[in-house]
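Across the two complexes that follow, chain A remains constant while its partner is chain B and subsequently chain C.
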Partner chain A sequence: MIDDLFHERLRSSLDHCVKCTICETACPVANVTPLFPGPKYAGPQAERFRAHGQPADESSVDYCSGCGLCTMSCPQGVKIAELNAHARYAVKQRKGVPLRDRLIARPTVLGRLGTPVAPIANAMLKARPARVLAERVLGIHRDAPVPRFAGRRFRTWARRRQAPGVGTKIVYFHGCGTEYYEPDVGEKVVAVLEHNGYSVEIPEQDCCGLPLQSNGLFEDARKYVQRLARALAPHARDGTLIVGNATSCTLMLKREAREILGLEDDPDLALVSRQTYDICELLLELHDRGQLRTDFEPVEEVVAYHAPCQQQGHWIGKPALELLALVPGLDVRELDARCCGIAGTYGFKREKYQIAMDAGAELFNQVEASGARVVACDSETCRWQIEHGTRRPSVHPIELLHQAYRL
Partner chain B sequence: MTSSLHYDAVVVGVGVAGLTAAIRLAEGGARVCVLAKGVGSTHLAPGTVDVLGYRPERVEHPAAALPEFVGAHPDHPYALIGPDAIAPALDRFAALIERGPQPGYRYTGGLDRNHLLPTAVGAIRPSALVPETMAAGDARSSVPVCVVGMRVLRDFHASLCAGNIRRAGIPARAVEVEIDVGRVEANSLGLARRFDDESFRAAFVGRLALLLRPGERVALPAVLGLRDPHGAWSDLQRRLGRAVFEVPTLPPSAPGMRVYNALVAALRAAGGRLVLGAEVLDVEREGDRVTGVRAHTSGHDTIYHAGWIVLATGGFASGGIELGSDWAASETILGLSLQGMPRPGEARFTADYFGHQPMAGVGVAVDSSLRARETENVYVAGAALPGAVPWREGSGQGIALATGHFAAQAVLEREGAAATA
Partner chain C sequence: MEKLSADVLVIGGGATGAGVAWDAALRGLDVVLVERGDLATGTSGRFHGLLHSGGRYAVKDPSAAHECARENGVVRHVAADCVEDTGGLFVATPFDDPAYADRFAEGCRKTGVPCEEIEPARALREEPRLNPGISRAFRVPDGSIEVWKLVWALARGAQDRGARVLPYHEVVAVHRGGDQVHGARVRNTRTGQELDVEAAVTVSASGAWAGQIAAMAGIEGVHVKPGRGIMIAMSHRLVNTVINRCQLPTDGDIIVPIETVCVIGTTDVGTDDPDDHTIIQAEVDAMLEDGERLVPGFKQARALRVWTGVRPLFEDRKENGATDTRDVTRAHALLDHRERDGVTGFFTITGGKLTTYRLMAEETVDAVCLQLGDARPCTTSAEPLAGSENGEYHRVGDRLGRREQRLLDDQLICECELIPRKRIEETIRWRGTTDLDDLRRLLRLGMGPCQGGFCIYRVAGILHGLDGIDTPDANAGLIDYVRERWKGVWPVLYGDQLRQARLDEWIYQGVLDVEHLQ
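This part shows the complex of A and B:
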């Protein structure tokens, strides 16, 4: 069970709510479905009932996608999304967690099963009858943008790699998306870091537990993130920075695990939290110090940039925009639609797929109107959703920098 | 690990004052970063620019009334910057909106004469510069008004609004339109998004047209579009064949969000950065000079170093100024000295809720260039300034725009002087 004192700390923030409705203007879900009444209602307002064990609507809170834009927009500092995550956990504690949620919340299990049989697994994921069956039996929507297994693991490449061994040591936290689905992105991250004089170490690591957390499986999520923190902490202890390209997963390490899972007092996680950087955050700071190499070759391309919600949750603005502006020839169009809708595993679910697509519709329209052929975005699940919604390739900003460096 | 970034100027606060200052600074060539804990008051305000509405009797002509007003209120922000500094800021704002992302959307009016527009409850409120979509609501016109409510918008009470407009001497009545938005209730924002859609507008007009009488102008809650409000408003006027105007709603405010969207787009276009969610905790100093602000970012703090700081954090309502349980008031980021605090033993509040409240004029002590007194390089704009009572004066947005613009000018002038030297 959640430590009561910790929960009280989170809950005390709701007394700062002045019901100004600014969070409502930020919520991508309430905008498109009446099933979620909005962050103000489901969060601070309902919490006042929940806090005293009084009856409160239980079904709606499951429709919160956990994007966190409400918390970021709140001028009073109310932890709205975090309170909703707790309410969701409490409901799932009582009602149970469906098999589907237990399955899709474990990228490690899926990745290990799928990777060795990638051609077959990918064919199945494409095959209509299999997807219809998966929808009926498991509740994973037939059209959901499930990723394709790369058929190889990033770690295999990492182990075989000849590290140059010179330069400032940095630890690369690659996340499960890179490990099982996009190992090429990880290779590019390493190349860009090495080009900028870093000696990149890639310690043994596993899932950060974020999908488990967002599916209300807090106990399992805690195990994962604490194990990861133990693996990374020895490196952080000597001042080494940890950098990641999976922006949701670095946010999990920085803040969400501590706030939502009540791990504020875990010393390893506290250390790792302080030392963790989003890759674009790190490179912008390097540039600020005059240490980023700017030997960029021209990339003649029109690119739309979408800052995903979880990237915005770092509270660092949009460093990718600043970095991409350094590349000659690159014409970057910032999109201001809030959310692509996918929210990790949310948009995979049968009952939420259409909500996710509707929530992303404004973004997809903006991509269309921008004239861009490529969409840059920092989060992998968001990229899969954007590709699904726009029929255009979506890349991590680091891939464009890699291309411009001609590495 | 603490991150660190460098800018020419850091603006704290993302309301009208902060954004105005940041845009002016960026357009003046400064590298600017705006830091804010959350979204500012734009989303709550009606979107009109009220410069001077009451002194305390209602003001018809702000330009004519301002010299006397500042003479009588020497501590007022308008007195510090001088009444001549207001008009350029308003012109600048109108130009920013006009070239903003909402095609054709513009403001009308100025300091010569206040518009007299109905509020959500039908009270008549004086505003200098208003969205074109509101202008036809002017209470000087005797054209009868039909206030249109929508059942899904529960926060807008058409009959209450119409009743108070009648009380002001204008023939007015209320009608209610049933319109399907796929849910039992919606707020202004949800409806505004619907009104961006032409087919929704056509269906709405189909219901409304039957209820209107010849010769009436139409008052609608301010929900006429977010992406293309000019298009939505023009379309409704054309379809209905009569004047249509928006009436501000309870929050969230669609006209206020249009202001935010236009100002943020202008900031971006001028090369400024915006960082939301980053609460500024404190500052680093060297003597009287503030060299950087420390913002709470996820995981680790970030120091934003800057040569100039513009503080646009608002007053008590926004958390820019706090009143402790020991009755000590303080500016929350730098602990700057305040001005206008009632002395120990003096009354702090009075029983008349809407009357003169002694605490209302509390703000950061500044010199005539809006520089905070104990600092070399911190400037203050907007509701954090002392000496004003915006809700009694009808002056909030005017102060925000004029002082935001003025503070940025002051910084640019000193920056220019430093460069020449």
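This part shows the complex of A and C:
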């Protein structure tokens, strides 16, 4: 269910469309495949043919990856990506959600299953025959950049950790990527925060529900994000900030859960939403106040930086660029390609893998041309895709800062 | 001079005239239909879009209510493809007399209008944008009806049975010899050529113009008092059910969702000239206020355009002293001029509503047959129109569904209304027209938010590429279209539509400099 009045409010933004086509030029998907007619068509135009309780026989909107670049580029304020998300939800309501989508939308379940048997699971993920089978049976593309299980969980480390207990309190929202696949990134985030005088609390937490939402499983997504908001809200209530390195998950808390799932009225979420920061956003603010430690040692490296779509959705510019500029020796090349293509779980899917790769080609070529050996990027699934598409390591900007601090 | 002869000449190609032609052709009569403009460009093409359940007249005009209730069911059956089964609600807003609701329910019961009272909360669930202050809600079988589809289905059905349908043919004289009308002289308004149509019977189905046609036949005293009403189309459907205010009929009290838009209307202002399409800004402003009462936020929503239509209200001053046009009965009037004026071979059918077009046609052709001495039964209530055979109603999402099937093999030309290239080319061919307004009515070309500001150039390009159409014709079609559209846009130039108009204008004057096309 989508609250009807909420949907109507979203829908009314279609009135602002003047058909200028700017969104179409921004859309990474429409530019590489005729299967998706583009944001103007799928959003403000098709929406006029959709009526309450009368789902139209449509399916092309399922090719929208939900990257959100259209909404960001529309000069008139049409909520294109949000309308598309609602339309995708309706399509899935009508046609059903495939098992595959239910599965890949639940990183927690996958993580819990995979972690204890990580060596076997990872071997399977590498083994060609197993991947071919998974493609046939589940529809997960054999070449898709699925991540490797770390074999340990970030929370185990967090529980054992000796918190210094001094400094400004801050809550760390680490997300599922850190929990199951990249616990070392989480450790670096904590170290950088502590180095800057924070006392980091890591409360019990679970998935933000973003993959569920982007797969049209709105009911489950709502449950997840509301549960997460309940877990974080008590900490936020006394003014403590929440910070995360998974930029799409922090965007979910800040904006998407309210603007797509219609949770405007959830008081916990409203509070959490106000207090949530992207890690680079937080550090740059600190720097602007003269409070960021700048005892960076040189890092002699050429790094390309890609701001993922979801990071741009924060409307905070590109703070990572300014932070990395503080590190001596670091030669950062800003890329302006639209999107890496992956869009969360989109590029994992058999029928969308090639579209995602084609959408990412512009970025991959830019990386190639930049001469960089490493690509910095704020979102984990984008990093996996970039590694897959460029055969170069991709890191979170915080990892470079961590390295420069020599922590 | 070219001559045509027929059993029946029908003057007027609105819903009534097309209905008469179809009915008569079905009964095996040889028919010629003439219309001075394109089909359905009189009142039928300028109406509100509502297939009445009868609820609107349940208290004020019980016989009209009863007629509507009956015909509603018939039209749903025979013209399903032109009808959207939106359903209707009568809601008592805080601005309405609370006592009316019970009178309304009683009126519906007496006149046979199916009506069910529902909880206001339920109405609000179904129509989330509705005024949350409503205190009563009644569900009725209102629907919306796509008139150009209907009129063309009637006309083409008649053509298939031998009728000759002549749009852009204006009656300039009615032939009368003694006490007998035996046809008319018509002028092709595009070529200026005239022709005579000889007919045993002439039916004037010319709506608000019926007085003019009667006068041509030398018959005085056919008073059709035109009642002008405005309507405003909004850029998307704010409601998906026909919403009526539960009160005695007044201005701006109905919102009809039809195709991709919803239309609020209407007013009723007496005028002397059926071709009077004056739009008064104060009426537009008042109408938007009325919208706000039904749907809060209405004034912030984007309005697309405004137009007016004139009601054909037949008035006999001798029997009915009413002066407010809304008080004149909406029931139709069939005049057999043999009985009334001693003139054989001539009938006038006027008044009524679009909803009752079929009944009006049936009564007319019954009388025609009677006069011809050849009683043939009417079959229009059993014979579905082409496209409606399977009884499936039209749905707003149909076009999107069809477009989705054709994404890869047909170019999209009109993006707002999702009209692909092949559809446009086919239509140009069968209509044999370069008039983009003809295409608009058949396809809804350029009727969406940009009002043709983008697609119309593409269509002009298609025209240029088609064999047998020369450049000046194609260019003229383009310029005429844009000017015509503009007329309905200026009264609602605010907010989003103003922004659109600016962009459209830059394209028109700046980027393409269309005004200086040769």
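A few remarks follow.
In this section, the second predicted complex is superposed on the first by the 400 of 407 C-alpha atoms of A that agree within 3 Å, B and C clash if a C-alpha of one lies under 4 Å from a C-alpha of the other, contacts with A are read in each partner's own complex, and residues count from 1 in each chain.
Methods note: a residue touches a chain if its C-beta (ideal position, glycine included) is under 8 Å from a C-beta of that chain, and two chains touch if they have at least 3 such contacts.
Values in this document were obtained by computation on a predicted structure and should not be read as measured data.
Applying the stated contact rule after C-alpha superposition, one finds that A:D288 touches chain B and leaves chain C untouched. Of the two partner chains placed by superposition, only chain C is touched by A:E8; chain B is not. Within the superposed three-chain model, A:A26 lies in touch with chain B and out of touch with chain C [touch as defined at top]. In the superposition on chain A, contact is made by A:Q76 with both chain B and chain C. Shared-chain residue A:E322: touches chain B; no touch with chain C. Once chain A of one complex is fitted onto chain A of the other, the partner contacts of A:S59 are limited to chain C, with no touch recorded for chain B.
With both structures placed on the common chain, the touch criterion links A:A51 to chain C but leaves chain B unconnected. Touch criterion not met for A:H174: it reaches neither chain B nor chain C.
When the shared chain is aligned, chain B and chain C each come close enough to touch A:P34.
Within chain A, the residues touching chain B in one complex and chain C in the other are 20, 34, 76.
Put simply, chain B touches chain A in their complex at residues 1, 3-6, 33, 36-41, 43-44, 182-184, 187, 189-190, 193, 251-252, 257, 261, 264-265, 268, 273-279, 295-300, 302, 318-319. Within the complex formed with chain A, the chain C residues making contact are 125-126, 128-129, 235-238, 240, 257, 260-261, 297, 300-302, 395-401, 404, 407-408, 412, 415-416, 418, 448-450, 453-454, 496, 499-500, 503. Of all residues in chain A, only 20-22, 24-26, 31, 34, 71-77, 239, 241, 251, 253-255, 273-277, 281, 284-285, 288-289, 312-318, 322, 334, 336 touch chain B in the complex they form. For chain A in complex with chain C, the residues that touch the partner chain are 4-5, 7-8, 11-12, 14-20, 34-35, 37, 40-41, 44-60, 76.
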